[in-house]
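There are structures below to look over.
Both of the next two complexes hold chain A, though its partner changes from chain B to chain C.
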Partner chain A sequence: MRTALALVMAFMALVLSFTPGCKDKDPDPQAANEIKIGVFLSLSDANADFGKTTLNGIQLAVDEINEKGGVNGKKLVLVTKDTRSSPEQAQTVAKELATQDKVAVAIGSVESGQSIKAAPVFQEAGIPMVSPSSTNPEVTKQGDCIFRVCYLDDFQGASCAAFAYKDLEFRKAAIIFAQDDDYSKGLADFFRKSFTALGGTIVEEAAFQGKASEFKDQVTKIAAANPDVIFAPVYYGSIGLIARDFRKQGVKAPLLGGDGWESPQLIQLAGETLEGCYFGYHYDPEDSDPKVQGYLKAYKAKFNTEPNSLSALGYDAVYTVVKAIELGGGDTSAQIKDGLTKIKDFHGVTGTYSIDSGRNAQKAITMLKIGGTDLKKVKVIQPSDIK
Partner chain B sequence: MARTIAIFLAALAGCYGLNWFLAEFIEVVYVDYLNLIGIAIILAVSLNVVNGLTGQFSLGHAGFMAVGAFVASPISIWLTYGEFESGPLAHASLLHFGLALLACGVGAALVGVVVGAPALRLKGDYLAIATLGFGEITRIMLQSQDILGGPTGLKRIPKMPQLPGTAGWDGGTSTFWIFLVVAVLVILTVRLQRSTFGRALIAIRENELAAETMGIRSSRMKVMAFVYGAFFAGIAGALFAHYQHSVRPDDFTAVRSIGVVVMLVLGGLGSVTGAITGAVFVTLLPIMLRPVEESLASSGTPITGLSMIVYALLLIAFMIFRPQGIFGQRELSLKLLRSWVPSAVRGKGGKP
Partner chain C sequence: MAEADITSQLLQYSANGLAKGSTYALMAVGYTLVYGVLQLINFAHAEVYMLGSHFAYYQARWAGYLPEDSAGKPESVPIGLALGFVAVAMIACSLVGMLIERIAYRPLRNAGRLAPLITAIGVSLLLQYGGQAVFGTEPKLFPTFMETEVYELGPIKFPNTNVLIVLTTVVLMTALTLFVTKTRPGAAMRACSHDMKTARLMGINVNATISLTFGIGSAMAAVAGVLVAMDQPAITPLMGVQIGLKAFVAAVVGGIGSIPGAALGGLILGVSESVVGGLWETSYAEAVAFVFLIVVLLFKPSGLLGKATREKV
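Now for the complex of A and B:
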């Protein structure tokens, strides 16, 4: 009985220690002259790179807008939270953004796993969430408040298949992918489906665990099947090693990948081994469009580094939200959500896109070819090209 | 018997009161912390029966959690929506939720028998490695199950059942369900400790050979303790999944298993109150260190994973200065608190 009493007392102490967190009964959480944008990204741990480059893009856009006097005379204010590269933490910070900071709209995250965990929170709070670069189809299916400004893995996989079959005229493909990674496995599945539907054959498949650094077995298996092209939907950290192992075994077939390859260090990491390989990307950095060149210049001037597609998507996410405020007729969560559904032919750095009824951006994918030390645009595939 | 029923009723009322109070007056993020603490307590107290009371070193708790989560979630998704398509969330009904919890507990317990019966023949480090292996195998096997969502896992897991008179964030009932399980588990475990069964477990911990000569069937007892732990770890997994509304195999890495063991080591292996203290402490530490980390980062010297460094330092400090943990094998009681006050402070009135 004594123990029970002590337990109850200790528990009461614990609960009482929470009293500083009493509910704020303030009816007007948002200051009249600002619009709060919540941002949740991996700013530390494994994927810190993803978060930091995206945040740069977001920051650049917000600064540009505020310099021009903000939106309807209101300044944009960023509330940034670090998800520590953990989906679980993403849900916790999403709760903070939704209930404590009471943001009008949220932008995040890069990793689909984090976006999927955060989505129910924003859905419950009725706050629109815009993911800049989560490509997993499941993300926006979590509710009618969840949007994104990038293309989806199914489109990306199908585009790569169509590109390999129709443009490069390859008939025998092999796939190497990370079995425990949603991005890699998803793309592999969609590629397989589309490529066989077009009439091609998948001659061999080899899977590995996400953190592998040695691909000899997989490479040997694929080399034996003698494919025309090897689809490798992996992240930039692995592709250099995979390419090296293929070339070592004398496999000359080009590798083909998705936006995960993209990194300023890609050429360094992979060296000559990726010469003549292709990957799908969000935009063409060589595009003469003033919007693209203006963004690239402003980014380099502000951060003194090369931007990547994640920064561009973060940048576009902010401008898309601003456009939504205009279309929705105001800056409350409901109005922004309404505005987001009306985005049509929006001209951004990463192309011209509309938000469809599934709350996804309908936009083109740019296939790039790696040659020597630079990337060359080979083809732009529109959503209408893929049926 | 009447007393037991009274205690359970009191726990029920207490949880309802707590839930109502929190939903009404406290910020959602703080309630969130408390709910996460609740789940951690379930894990720590259930593992304590294996690691603390019986003295077997298991590192597979996250594996059982995963089994629980991936048994309960499909059941309650299917019963609630009748399909596996994504869409808006709904509340599970009381019956469906109860069925899912029961199924996941039983599922995890069955896995506990299958794993425990052979593994518990191993001792010490070997058992730790075997159970660690079990956890990792479970995670990797789940990743390759397309029917369970593969590496992305399951989504749209229903909210916990509604209660009369509660409203607010997420239906505002998670705290009630989580702490109801905490209460049931703590009451059962305290009772268990004092029972013949509990005494037998302690005897095995102290000296297995001696216990066997006294007629205790040690392998059977060990498996039973293991299954008890697995049952509640499974339920913790299910609660976690329903609380987060989505679950992925990677939520249950070996790091989580080790985290539970850290809770026990800090709180005191073999003590229920120690396990609870450890769970509270280990869950709150990274949350409390976050402002520190953020201010460090903004001042230009970011330390990534400060909480990990603090954990390590704390563990080392504990191993040097208090290897038995905060409570050792004792329970929090007024007597223990008194014994902690130095006799000089207690004055002459302390002892005649």
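Now for the complex of A and C:
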């Protein structure tokens, strides 16, 4: 029995040693010449990609700022924690950041579920939290310390519905979504509401469990209803497979999705099956704005890969915090929080935005059309276009 | 909805389920073989499946059939070479399976039931997380072994990948049944399954037979991994979790320890998931699998084709 135990322990140790570690800095005594930014993201497990690409964007911005001498002579220091793709773990590391590391401001997370769990911790500690890309409306309702620099799912869902109804002039839509995913289900709900309010009909809905890798039955169900367009608010790892299954069963209607589709791998994973489909996105990668092009170039030079929208939002989150330090008049938590409420017409990579009274970024959504090898901007929808 | 529509949908769901069930069956065999011989649930089997598709993926990548950057398009792999990749993946997976048995299960063979079970879960997690560390977490595009073609049979659309899945499963299951019932190593496997001590006394090399069992099961998992990846060409280190669970259910439903049981369990599970899920509510398909498991076990505790065994006291 002892050998058995030893073996189990050895395996546990191995498993743990394989889990990518966090790049924690020892909490050193409050140095006067640095500003601590807590970062909590999924760096391992199912959504590790979200965290890693966001962290790249954050790192790029911090390095740029520190190279130019920091903020008011102080260096930005990141304290990074891995949430292991779990909302519970997000709450745990949020407590560490708030009580042990005593960060001035926190950036995280991508997944709304994690942000919602972590938010009350920062709220209680009076530390402002900026989510780069959690789009669920509940996130910033957790308290007056919780901010975000991305648009919301209700706006995203409504924009997709308006685009499908008004611009593409489709009247019959079907929805395929992940039943157990807040993001997917939330977008499906908002799309359904807006599309029917405009006068369209939802002819069929088919749900799946988020971990599914096979969508034949959902496709069969939707194919029978013969929709004009299929709304698929899912992540990029699924959409390629979903699109392939639709085309295999002879469904030619275009698919429409949200920012979850976005990835440098999108077109490759889908093959030609997504040609002529559309999705809503945070910015236009072909935008000639020097801010966008400069960011793309710097990112590619530093990481040798293509950035995605999560990187851009992480990048913008850091610069938004820096702007808040300037507007708030200092780098204490209270001053940064105050500064964040004053962000107005901030010019970032992901567009020009202001933080509204709900502590959400008011910004436009860019609808992109997928071509053979590239993405083309077809429409920009402003918050004022959607009521 | 028109009557004809329902019929054609029902047929399409059955076709979907047939392909899905075949992959469950291929995987269930791995659980059943090992259980038959060792009474061990080899949870790491699902990860061997994952490794199978990754081994094939990396060979194709190193051979230059996948684009280096994320924007490029993959080239089609010639059929002969693809078969070679699959053969190598099968051999590699067999070795991994045997290695797992040698390192993680054999030292615990006399340590009761619980210890190897925990180790099996440990190996499974090790491979899931180790896979994330080594292969990366992003989904990878599986190389094109076969250009997709869709056959239409009346209202049913059946892609060639699914035809291949069903045919391969039939061939492999038949071959395996013949191997176990007609050959000497097969007889040795049956003897070990029946009574390991007596088998040893009869001069059967028990360790070699157990290794062989793991090797065969793992090779079939590799084939399943490649077949599924050809149909759904995005592979990740966690791809084994779902199918592993379903195949395990299929093995238990069919009667764990029985090869025809694994085939039957897989097919019934696949088709019922598709038909019930499709006609009722697609997100409940998962629940169907487990309701099915409970119902079968209530009436036939040893599974549909399992042998009823009396507990020796």
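Note that in this section the second predicted complex is superposed on the first by the 358 of 387 C-alpha atoms of A that agree within 3 Å, B and C clash if a C-alpha of one lies under 4 Å from a C-alpha of the other, contacts with A are read in each partner's own complex, and residues count from 1 in each chain.
One rule holds for everything that comes next: a residue touches a chain if its C-beta (ideal position, glycine included) is under 8 Å from a C-beta of that chain, and two chains touch if they have at least 3 such contacts.
Quick caveat: nothing in here was measured; it's all calculated off a predicted structure.
Student: Scan A:K141 for contacts with chain B and chain C and give back first, second, both or neither.
Tutor: In the superposition, A:K141 touches chain B alone.
Student: Just to be sure I read the superposition right, which of the two partners does A:Q179 touch: chain B = first, chain C = second, or both, or neither?
Tutor: both
Student: Let me test your reading of the model: by the given contact rule, A:V292 touches which partner, first (chain B), second (chain C), both or neither?
Tutor: In the superposed model, A:V292 contacts neither chain B nor chain C.
Student: For A:P120, decide between first (touching chain B), second (touching chain C), both and neither.
Tutor: Only chain B; A:P120 stays clear of chain C.
Student: Is A:E88 in contact with chain B, with chain C, with both, or with neither (first, second, both, neither)?
Tutor: A:E88: touches chain B, not chain C.
Student: Looking at the overlay, what does A:K221 touch: chain B (first), chain C (second), both, or neither?
Tutor: Only chain C; A:K221 stays clear of chain B.
Student: Have a look at where A:M367 lands relative to chain B and chain C in the superposition and call it first, second, both or neither.
Tutor: A:M367 contacts neither chain B nor chain C.
Student: Output check: A:D45 vs chain B and chain C. Expected answer is one of first, second, both, neither. What do you get?
Tutor: Touch status of A:D45: both partners.
Student: Between chain B (first) and chain C (second), which, if any, makes contact with A:S112: first, second, both or neither?
Tutor: first
Student: Across the two complexes, find the residues of chain A that touch chain B and also touch chain C.
Tutor: In chain A, positions 3-4, 7, 14-15, 18-19, 44-45, 48, 179, 209 sit in both the chain B and chain C interfaces.
Student: Could you list, by residue number, the parts of chain C that touch chain A in their complex?
Tutor: Residue list for chain C touching chain A: 1, 5, 9, 12-13, 16-17, 19-20, 67, 70-74, 104, 107-108, 111, 115, 118-119, 122-123, 125-126, 129-130, 132-133, 137-139, 141, 148, 150, 157, 159, 228, 231-234, 236, 238-239, 241-242, 273-274, 277-278, 281-283, 285-286.
Student: Note which residues of chain A are touching chain B in the complex, please.
Tutor: 2-7, 10, 14-15, 18-19, 21-24, 44-45, 48, 82, 87-88, 91-92, 95-96, 98-100, 112-113, 116-117, 120, 123-124, 136, 138, 141-144, 179-182, 185-186, 209
Student: Could you pull out which chain A residues touch chain C in their complex?
Tutor: Chain A reaches chain C through residues 1, 3-4, 7-8, 11-12, 14-15, 18-20, 44-46, 48-49, 52, 179, 206-209, 211-214, 216-218, 220-221, 224, 236-237, 240-241, 244, 248-250, 264-265, 267-269, 271, 305-306, 373.
Student: Going by the contact rule at the top, pick out the chain B residues touching chain A in the complex.
Tutor: Listed in rising order, the residues of chain B that touch chain A are 7, 18, 21, 24-30, 32-34, 36-37, 85-89, 140, 143-144, 150-152, 155-156, 169-170, 186, 190, 244-246, 248-251, 273, 276-277, 280, 294, 297, 302, 304-305, 331-335, 337.
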